[in-house]
Each structure stands twice: as C-alpha cells, then as structure tokens.
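In order of appearance the chains are A, B and C, and numbering begins at 1 in each one.
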C-alpha cells in the first residue's frame, strides 16, 4: 500500500511540475536560412537597445505548414507565440477567429502614424472593419522581368499592353529560332497552387475584371473571360508560353527558366532579381524590370504578396510586443532588411533613400507597383476559395476546359462555398 | 451465501476494471462521439457554430479532392497489404528453419518496425532525393537509367515511394508474426506427409496454408486497418503531394483541422471510421464463416 | 537430396537479402550522420566527422534534448500506467466471473482499430478546455488508452498460464484478492509485465499524430515530431544533422530491442496468434 501511495504522489508531482511553464516572449518567423540569420541579428540588437529578451522560433519554410502551426497554437489559446508573421491571405481568417489583438490602442497611445506605410495596403489588408489588426513587415508584388538586350536588339521598348508583349515575343522567337531552339516568349506561374491565383488575378485586374464585386463573388464577368482566354491562348494558340506552364511552373521553375537565358519575359516576385544578377547567371546584366502590362483599356496591376506582423490576443507580453513591432517597422531596420536580404520594405520612405536607390535600380517601379497592387479577396475562407479557382483556371489553361466553362464552374462552386460560410 | 459472493465478486471485478474503463471512456469513446457530433455542425474558427446535419457529408461526395483521397487510400491499402503479406509469407517460409545467429536476424527484422515512422520517413526522403539520394546513384551507376528518377516529384513516383517505404517497415514485422504461426505447426505433420510422398508444393498448400489461415487473417486484418488510417508516412515523406496526389484520408482530415475547419475535418474522420469498421466487420464475418 | 540443397540455397539468399533490406536504410542513416557533406555521392567526399552530433546536442534552439526528455518521460509514465491498468483488468478477466469478462477484452480489441484521426480532432478541443495543450498530460492519457488493448491481451494470455491453484492457496490463507494480485501473480508474471511495458513504451515513443496536434513547442513536443519538422538552423536541408538527431532519437528503442528482443517477439506473437 505504502509503495503505491509513494508512486502515485511522485506521478502527481511530476504532472504538476510539467503543466507549469516559464513565460517567454516569443516571436515565430519562417523563411529561408539567410533570412533567419538576419532576424537573429535584429533580435540581438533589440535586446541591446531595450534589454528585452525575445525567443526567436523558426517556423517551417512552407507557408501552409506555418499556418498549420499558428492555427493550432491560437485555437488552443496559447501564450506562445506572442508575435508572428502572417501571409497576406490569412489575415482575415485570423481576425474573424478572434486571435489578433487590435493595435489601435497602441497606436493612439504612442502617436504612431500608419501614414508612413502604403495607404492602399493598410486599407485593403491590415484594417478590418476599421480596426487595425496588423502591420506590414515586408511586401511583395508581381513584376515583369525582361531581357533588355533582346528587346533593344530588335528595337523594342518594354511592353505596356499584353498585345505588345505578345507581338514582341512572337517577333523575337521568330528571329532567334535559328540560334536557340528552346526559346520561349513568356514564363509565368500556372501550376495548380496558390501562385496561379496570383497570376490570374493580375491578368483579370489589368482588364478591369475582378474576382469579387461589392463583396459578392462575381467571377464570370466578360473582362475575366477575355483575360482567361488570353492566358489559354498564349500557351496553345500563340505558343509563347511553354506547355509545362500548367504542370510545373511555380516560382523557382519560372525563375530558373528565365535565368537559363532562353526566355524573353518573366512574371515573378521581386526575389528573382538578386538571383538573376548573381555571378554565374547567364542573364546577369541583361535583365530589367517593369510593371506588368495591361489590356487595352485596363490598368496594370500586380498581385500583392508579403508578410505582416500580428500580435496574439493571448500574449502575456503585449506592451513589449508593441515595442518590437515599432522596432521592426522602424526606418533603420526596414532599410537594413532591404539592403541585407532584399526584402521590400513596408515603409514608403525607405524607397526614397539614396543608398537604397543605388542598390536597387528599379526601386521606383517597385514602389509604383506596390502603390497600385491588388490584394486577393479578403475572406476568412479564402484558402478554400483559392482551391476552387486554382483547379478550374489550371484546367482551362491546360486546354481541358473553355474559359467560359471554367469561370462558370468557379462561380457555381464558389457561391456554394460562400453560402456554407455565410452567417 | 453464494449470491452475496457473486455480487461481491462482480463489484470487485468492476473495481479492477475501473481505471481502464474510465480512461478509455474519457479519452477514446467520448472524443469519437464528439467527432461524430461535430461532423454534423459547421464548425470553423472564424464563424459561429451552426447545426447543418448531413451537409458536410453531401459536400464531401462532390468534393473532387476527397474522392481522390479515397481512391488513393484504397489503392494504397490493396497494393501494400498484398505485397506485404506475400513477401512476409515468403520470407517467413524461407526463414523457418534453424538459423545461425538467430538473435542477430531477429534484431535486424525488428529494426524497421521499431524506428518511428516519422524518422524512417526522413531517411527515405534522403534515399529518394533527386540530386544526391543513393537510390538514383545506384540505378544510374548500374545503368538501369540514364537520368535520375524523380521519386517524389511525380504522381506515380510518389505512390511507388510510399508503398516501398511502408513495405520496408512492415514486411519484416509480418515475417515475425507469420514465423510464430509457422512454429505452431508440428513437424510431425510434415514428416508424415513426406513419407506419404508429398512434395514441397503439396505440403505447402495442404498443410502450411490451412493451418496458417488464422494467423494470416489476423495479420491481414490489422495491416489493412493500419493501411486505411495511414498518416505519418505521407505527412513526412510527401506531405500529401505532389499536387495532393498522395493525400491519404487521414491527412485530408488533418489538413482541414489545422486550417481551422473542424466540422468538415470531422466529417472526413467519420468516413475513415466507417471504412475501418466496415473492413473489421467484413473480416470478422469471414473468420466466423471459417469457424 | 536435391530438394534439401535447393531449400538451403533459398534459405541463405532469403535470409541475407532480408537482413540487407532491413538494415540498409538504417546503415545509411548512420553514415550520413557521420558525414560533413551529405551530397558526397555527387560531389565532394564523405568527410567523416562527429560535428553533426555535437551541433544538434549543443544548439539550444534545436531543442533535441528537450524533445528526448519529453519523449522519455511521457512514454515511461504512459507505459507504466498502461501496464498497471491492464494488469488489474487482466487479472479480473482471468480470475473472476463477471458480466464484462468477455466484453471488455473485445471492446478493447475493437478500440484498437479506431482510426486515430477520428479521435484526435475532438481530443484537441477537450485538451484546450482542460488547459492541457502543450503539457505532458495531454499526451500521457491518450497514449495510455492507445496501448491498453495490446497490453491487456498480452497480460491476459500470461495470467491464464499462471495456475489458479496459487490463488486458491493464498485466498485460503486469508489474503485479499488484491494481495494475491501484487504479492503472487505479479512476481510470477514478470516476463508478461516486462513485455507489456516494453511494447507500450515503443508504441508511445513512436507516436506521431497526437503529438503533432496536441503539442506546440519544446515544452512538451516529442522527438518524432521534432525530427519530422526539423529544418535546421542555417543552410539548406541539413541532412547530416537530421540523421544525427535520428540516431540519438532511436537509441532508447534500439537499446530495448537489443536486450529484450525475445520478449518483444514473444509478446507480438502472443497478441496475434491468440487473436
């Protein structure tokens, strides 16, 4: 009997000591290895300046896995993480799920102004129901890369419309065919994943189309049909985009394709620039950037990407977290971010910095694109809607479905989805 | 007198079983019930809960991704169980003699089974690696192919890779179980039949197989159920890819849970539960018919 | 005569190929863990080094030792408890005539076939309500339930072999049933207890899904999840470090099978042959 009692009490003691945890101020950051090093340095500098210790926890590289971990943690009302980065498309869900602490009280107390950030982005993404829930840390937008050497060789200016891009591609392919069998006109992300929705969004927005209209799903509109038809045609009819666009082409495949020297135009995020300029790149010094083209009566539009910082409603360190947010979005750190790891700052003033302008020759185009960027629909169930759009758009550009049919299907299934999630 | 003892015995017996019953009820039966009930609700993190009866299930059956998961899971189950049972049987037969270094072989057989699937998944991830995995190295050096094979990057490759990794873990385990079954068959039966002039094949089909049947059926049952609920391997090795082609049913449900959609995820879980139950019922019926 | 030779050849080929098949990935894991250059097959050479082991143990942010500690404590507690509960229950099934005598083992058999995914979703909600997410109890209790079926069946088969006359004699001497249980039956069935404990431990140690969903960081996370999600801290996928962590992770279970393989195989076969 005595033995059993001692054992049981040991177990109990073990239990109790294990349910207690020491409180730590934690920030969760994901990304590539060189980026983690940068953040470790930022955290160290923050500690030197303020004396506050922050635990940096590295999240997986892939966006979906990062969201998984955050959803579990926040749904379980955990005190960790206190701060975390969110992909632009999660923010609405996180707000609706009541996981984010509103930042308005901090802003008002500190006389902090959000004017320094891109106004459109703050309005479209960070403010929900007129409350500020997150701040952008770094931004990204879809851009058009082109072979400046080939364009000047044949006397072309960078295209402003899609038909110009088409004609330039056809001409250059025709002329270069003898020298280069593998030459392609235009590579872009068309595989069945989130990226194809970004590209799709750019095409339709540049034709004055959209996915939503007045907060209702209205995807089978005429401008969208025209834009999607063009996407299908450049692969199958005009053949300026390769056949593996809809099977393989994601960010890296697109980048590598352009970097191999066999492509005239590339649609990609801003990260590709540094890699194209690396010493062993065949396109080094021959690449330039411009804003994406538009359709005849439309306006150019790049899809907004990038990551935003959020404060957990369950954090034990809210004041300290706010200080860290201010630190991360300060001019000094944002400029370092641009210069050291090539992430585009969330603050507009860094774009006017002379050193920054030297480092990144196309920085004005970048700023311009960001100011006119288009965010994907801010819906709490956006990921599910995205799945539907991905599937049918991909089927269409694969030649298996007409644009009208594809959009009708998206509309049908999308409306079903919205009904399900409508309160 | 007797009645009182029986009553006391009953109470005593239940007391002995109390911890077990309590813990099983709270941590298994209750959650399963909870899952069943949740599947009848719209339960997402960003909206209020709403009772929607069978709507989740209706949505499931027109969900292309779900149907694909079902197909993948069933196909994987059939293929892997067939391979593992057959290979396990063959190896067991071959090993069913006294061997030198018996302990060594037993330990070798247990190693694949004892390594956590998550860890063996990462080892196989490395073996299948396109650029520097040893599998590609071997097949190119031996001249079986000119180019490296994308084991994990194509749909067929990924399926094949999962089956092989699962087989690696399971075949030795099956062999051990079947070996034990073989050891219960007395040698006298074989001796007698040899005297009667029966050759290897006849001995196998008339003696070994029938007497092994119970063990084989049990092994088959547990392997099938395990295959239906596969999760660890697909999560670690392929993440359900490429393009969601190797997403098993468990992984499909899991993905919904961790996107914050507990209602839909529960519906998928209920389907897995029903599938497993149907299989178990089917097997038990076969066993009873045999008896 | 010929038949005998054919069998011998088949036997040797079979045994050797099976051993190679089993050991090859395991050996490769060890090789890479000791290599400073994981892609030595395509470029560079092996670079034999212990650096990987040193790094994963000393890098605090890798939390490898935390994961190992969590796994060991959780698995030990769960398997000891499971063996205890199963032992009590098996004793009653084997010795006492009561209504649940056949039902309880069958119920547990059925429960062992439940898909874990059907349990874990709602279990998560429960754990959030208990406040147990990312703590040891969140895993210990479910693990006990997951290993109870096997433990129960093993114990029942061992207890059945202990002759009931021992019980009778002790009872006649005035001992209570409980005293008979822990003074007589348990010492006699130590192999059964050991088997049950070892198999439960292995099962708990290797469990993945529950740990993935019910824990969040190094405070309670177990080692299979830790290694599955290991991305390394710097550089590309750090295979050397992953393999070194894996080797460290499986040392406990390897130890168990090296010394107790008889028990393990005995237990497994009892479980299936009896079934």
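Points to keep in mind about this one:
Just so we're on the same page, a contact is a pair of C-beta atoms (placed from the backbone, for glycine too) under 8 Å apart; a residue touches a chain by one contact, two chains touch by 3 or more.
Source: prediction; values computed, not measured.
If each chain is reduced to the average of its C-alpha atoms, the one that sits nearest the average of all protein C-alpha atoms is B.
Each chain gets a centre from the mean of its Cα atoms; the one farthest from the centre of chain C is A. By number of C-beta pairs in contact, chains B-C lead all other pairings. In whole angstrom, the spacing between the mean C-alpha positions of chain A and chain C is 42. If you average the Cα atoms of chain A and of chain B, the two centres end up 39 Å apart. Computed centre separation for the pair chain B/chain C is 16 angstrom, with centres defined by C-alpha atoms. Shown for chain C are the residues in touch with two or more other chains, namely 124, 213. Multi-chain contact residues of chain B, defined as those touching 2 or more other chains: 258. The multi-chain contact residues of chain A, meaning those touching 2 or more other chains, are 72, 75. Chain A contributes residues 11, 14-15, 18-19, 21, 33, 36-37, 56-58, 60-61, 65, 69, 72-73, 75-78, 80 to its touches with chain C in the complex. Chain C meets chain A in the complex at residues 61, 73, 77, 81, 124, 127-128, 131-137, 213, 216-217, 219-220, 229, 231-236.
Per the touch definition, chain B reaches chain C in the complex via residues 6, 9-10, 12-14, 16-17, 19-21, 23-24, 26-35, 38, 90-91, 94-95, 97, 99, 103-112, 114-124, 126-127, 131-134, 137, 168, 171-173, 175-177, 180-181, 184, 199-200, 214-215, 218-219, 222, 225, 228-229, 231-232, 235-236, 249-250, 253-254, 257-258, 262, 265-266, 268-270, 272-273, 276-277, 280.
Looking at the complex, you find that chain A touches chain B at residues 62, 67-68, 71-72, 75, 92-93, 96-97, 99, 191-193, 380-381, 383-384, 387, 391, 416, 420-421, 423.
Against chain A, the residues of chain B that register as touching in their complex are 42, 44-48, 55, 59, 64-65, 239, 243, 258-261.
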